[in-house]
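Note that chain A is present in both complexes that follow, paired respectively with chain B and with chain C.
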Partner chain A sequence: MIERRVTVTNRLGLHARAAALLVRTANTYKSALRLERTDGTASADAKSILSVLMLAASRGTELLATAEGVDETEAISAVCGLFAEGFGEGERVDKA
Partner chain B sequence: MKPNDQPSITVSEFIHHAPAQLELRITAGAQGATTRQLTVPRVQKLGLALAGFTNYIHSGRLQILGQSEIRYLGQLDAEKRREAIRNLGLERIACVLVTKGIEPPLELIEEAEAANLPLLSTPVLSSIAISVVTDSLQELLAPIVARHGVLMDIYGLGVLIEGASGIGKSECALDLIARGHRLVADDVVEVRRIGADRLLGAAPELLREHLEIRGLGIMNIRDLFGVSAVSANKAIDLSIKLERWDEASEVDRLGIDAQAVEILDVNVPQVLIPVSPGRNLSTLVETAVRVQLLRTRGYNAAQEFIARHEKMLETTESRIQESGFRIKENL
Partner chain C sequence: MTRRRRIEGQETRWRGLGVSEGIVVGRVLRVFNGARQVYRATLDEKDVEREVRRLRAAVRLARMQLLAIKARAEKELGAEHAYIFDAHLLMLEDRKFLQDVGRHIREDRVNAEWAVKVAADRLLAIYAEVKDDYLRARGSDIEDVTQRLIVALSGERHSYKKLSEDAVIVSEDLLPSAAAELDFEHARAIATDSGGWTSHTAIIARGLGIPAIVGLRDLHRHARTGDRIIVDSQQDVVILHPSDSTLEHYKSLEKRTPRTNYTAAEDGDKPLRTLDGKEIVLRANVELPAEYEDVRRFGARGIGLYRSEFLFSHKRGMPTEDEQCEAYIEVAEVAGDEGATVRLFDLGGEKMVAFGAELERNPTLGLRAIRFSLTHEEVLRTQARAILRAAARGRLDIVLPMISDVMDVRRARRIINEERVRLESEGREVGGVRIGAMIEVPSAVMTADKIARDVDFFSLGTNDLVQYLLAVDRSNEGVADWFRSLHPSVLQSIYRTIDAARKAFIPAVICGEMASTPAYAVVLLGLGATDFSMTPSSIPRVRRTIENVKFAEAQEIARECLECETADDVEELVRERFTEKWRELFPPKSLPAPRVGG
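Presenting the complex of A and B:
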């Protein structure tokens, strides 16, 4: 099992479109992927859209991502990559 | 199949297909009927052209001569009358329709005969003839394309079910028919564009009311399920595309991204439904139609849900900021 800490950096937080992208990415891997708020108030299956939305992860929220399975390394780096890139929202949105 | 760029029909084809209420008959120039082509559904009135302003005569449109035009010709002397008629350029006009059963002037009959211009007559008034002719030509000249799929009437909405061969379109249709929905066309759907943005789908004559299911063969749905299980044609309001689960990579998990497919330059909303064992297709299709019905009435559940979620994100964000301030204060 691999664990990694991520922070929601994009302006809109883990909103609907970002969550959909996350779930779509997560579903391309075999490993079980979970996201947990570091304050312990909620955790989610990263392959389930409603579960991810229930994290209510707005900008600045810290999450613990965990992956377990045959492709856990690739899976966790893909998911962490999405957080790092701000879910492709781009600079235009960040400046706004 | 590529849609025809410029659909056209000959005058005799038009006479053959025109509604019976027009009681069309050819009074002169019958020879030209098989060669002259109608290309535009809108008719023209020859009024100004008879007065000498012939610039806007369109060769592909049916020309109407009503009471006022015939009266105008009637008050000219014979020579002027023939000149006004010749001025029209009878060789390039598709056909002329005299309304209200008026006897056309002798000069017009002679000139039409000489130029092989089909001169038609109807007992119907101009105002009615114009609307009946336009409607009929609009259908006859509509761009047409054949789509592979099943067209059904579900809760009053025309739904085109598309997808690769063997994915289960016909089986899905049978299930929907068993639930009381109507079959319009199976396998081949002839789609016509009526006006600028309306698509009308129907089955080719031979396939009408029939459905083919692997293992059951070709069945007559009207015989099996009754007259209420079939419909002759239906406007297409929604396209549902069935795709194998592994191919359906771009599935909209939230239902917020409105997709559309272009048919004859008209955008039709499209829903992509992945198919896999254990998914009840007809229930999914039925529900997709219910969702679409709500959307056309301005209610989008997915969008409302997202708005609520965004509100939730805002409140948690402000809580984070508050706690951040508190931490600073404590320092």
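Presenting the complex of A and C:
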């Protein structure tokens, strides 16, 4: 099992769009993927969008990501990558 | 109950929050959420499995509907807005949710509708507790999906008939998929009881350029389909059953508010001049196909900025040469004789990670726009070929985004020329394109006179210019006070760039949102700008302003602005001078607000 800490950095938090991206990504891996608030108040199955939304992770929330399975290394780095890039929201700034 | 309170024909006013600008006089079309009463039925043991199968069939039906809605939204609103339906699809197929529903059916032996409702209500109750406003608002997504599922269980589907010419959508809360299913061509305005600035209704209305007001308490219970209604998002008000005098007042306003006035296009045929005869050109900024109609409707002189990166989608990735070529031909057709300027992909950073790009610490200052295209040459080559081929079929120009200095221009030009030669040797037809530079990076401003010798025109991207010049991320609310479009350094930069273009005898087009605010447009005019490109719906407003001012007077004010020390000083000067000279044109609300305590 691999664990890694991630922080929600995108402005809108883990809202529907970002969560969709996360869940779609998580579902491409065999490993079980979970996200847990580091304050211990909630945890979620990263492959279920309703579960992820329920984390109510707004900007700045710290989460613990865990992966367990045959492709856990790839899975965790893909998921952490999404958090690191703020779910692609930074692109809003590039309108002329 | 409500009928008793409603007096026929009595004018009533409803205050709300205007989330998309404009004024519309029309007739109510009530749209129901489809929130239907769900009853509980107890099943016989033997019917339980059949009920589970019925649920699965309904999920499949709802899934097909959502896929269709998503495809349509992608086409009409662009991939960015269609994303939400991806979330809906995931919710619909959420294993945990479906297991929950299935368990209710089996264990409690209830009908599928009831099981869906119970599972959904439990989710919604948890959601209602969320402290974050934005996330709490997303409860509507869950509601939307479960409603769709319940409707699908009955074998029906939501349907919206063809709308009448002047339909104003009135609804309790327009769920996202309902909003996307609307007949975009005919919906003239939207008024909803709930919702906020970030609601999908707001986002979609802004995308379509139709006025929308949300937060109208219980308007939808008092309005009947066919009732006369006025939506005025400038005053944040909806008027139901307007009296004759109110109606008259608004009709005269409507005449002057070209958003709803189709004669704007006719005005567009005659050249726009200031009071003292200076000719001014107003073009359109365009990204979504849904905006194409507006180009003509609002009388734009062609397309001054086509943001080509909207062709790119996360799912399908980079568009092929043929796909691009087809899109550019369409853009050229929309633009007509005046032509369209295609801005090369402004891609980079996070967007491209999925395609193997490195994660960057600071994407705004990273490998994006022309830097990205020069690094991934095949992207630039494909796009150049597509544009050159399309240019054989209509008038197209190319503008290079985020140019830092003349080297960027030369490298891009060389590649574009190589592709031109290659296309010609392949016997393909290519058209002539002019190549311009976006001036939006301070280093390009400083060397604008050098760059001017190597390009055919300049486009000033004011949004990015302000951001880079003042080193302020405009999406970061913490530094919002430092984002000042009227900062003297911004004005100096614009003046300097226009001056460099003038001396090199090349045109300079001002793109970016700054020009769509009439007061700012006049300042830009004073700095020497005569060619603007903006959101199509802003054109009539800016046109009206420009034809009522003198170029010489704008110049005088701009000269004073250039002497100011701070953004506050510039704004104060603008407030004073504009009120002195053009009180009628610039009501206080249209001018930069005084800083509190400043």
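FYI, the second predicted complex is superposed on the first by the 91 of 96 C-alpha atoms of A that agree within 3 Å, B and C clash if a C-alpha of one lies under 4 Å from a C-alpha of the other, contacts with A are read in each partner's own complex, and residues count from 1 in each chain.
Here, a residue touches a chain if its C-beta (ideal position, glycine included) is under 8 Å from a C-beta of that chain, and two chains touch if they have at least 3 such contacts.
No experiment lies behind these values; they were computed from the predicted model shown.
Enquirer: On chain A, do chain B and chain C fit together or clash when superposed?
Expert: In the arrangement built by aligning on chain A, the partners chain C and chain B clash.
Enquirer: Using the touch definition from the top, say if A:A84 reaches chain B (first), chain C (second), both or neither.
Expert: second
Enquirer: Figure out whether A:A65 sits in contact with chain B (first) or chain C (second), or with both, or with neither.
Expert: Touch status of A:A65: no partner.
Enquirer: Which partner does A:R24 contact after superposing on A: first (chain B), second (chain C), both, neither?
Expert: Both: A:R24 reaches chain B and chain C.
Enquirer: Applying the touch criterion given at the start, work out whether A:V6 contacts chain B, chain C, both or neither, answering first, second, both or neither.
Expert: In the superposition, A:V6 contacts neither chain B nor chain C.
Enquirer: Could you figure out whether chain B or chain C reaches more residues of chain A?
Expert: C
Enquirer: Figure out whether A:H15 sits in contact with chain B (first) or chain C (second), or with both, or with neither.
Expert: Both: A:H15 reaches chain B and chain C.
Enquirer: Considering only touches as defined above, state whether A:L53 meets chain B (first), chain C (second), both or neither.
Expert: both
Enquirer: Quick one: which of 110-118, 128-136, 200-208 or 254-262 on chain B sits on top of chain C after the fit?
Expert: In the superposition, chain C collides with chain B along 254-262.
Enquirer: Hey, what residues of chain A end up touching chain B and chain C alike?
Expert: 12-17, 20, 23-24, 49, 53, 56, 58
Enquirer: Which residues of chain A touch chain B once you look at their complex with the stated criterion?
Expert: 12-17, 20, 23-24, 49, 53, 56-61
Enquirer: List the residues on chain C that touch chain A in their complex, please.
Expert: Where chain C meets chain A, its residues are 83-84, 86-87, 90-91, 94-97, 123, 126-127, 130-132, 134-135, 138, 141-142, 285, 305, 307, 309, 314, 343, 346, 348-351, 353, 359, 363-364, 368-369, 401, 438, 440, 459, 461-464, 467, 473-475, 511-513.
Enquirer: Quick check on the complex: what are the chain A residues that touch chain C?
Expert: 11-17, 19-21, 23-24, 45, 47-51, 53-54, 56, 58, 81, 84-96
Enquirer: With touch defined as at the start, can you tell me which chain B residues reach chain A in the complex?
Expert: For this pair, the touching residues of chain B are 252-254, 256, 306, 309-310, 312-314, 316-317, 320-321, 324.
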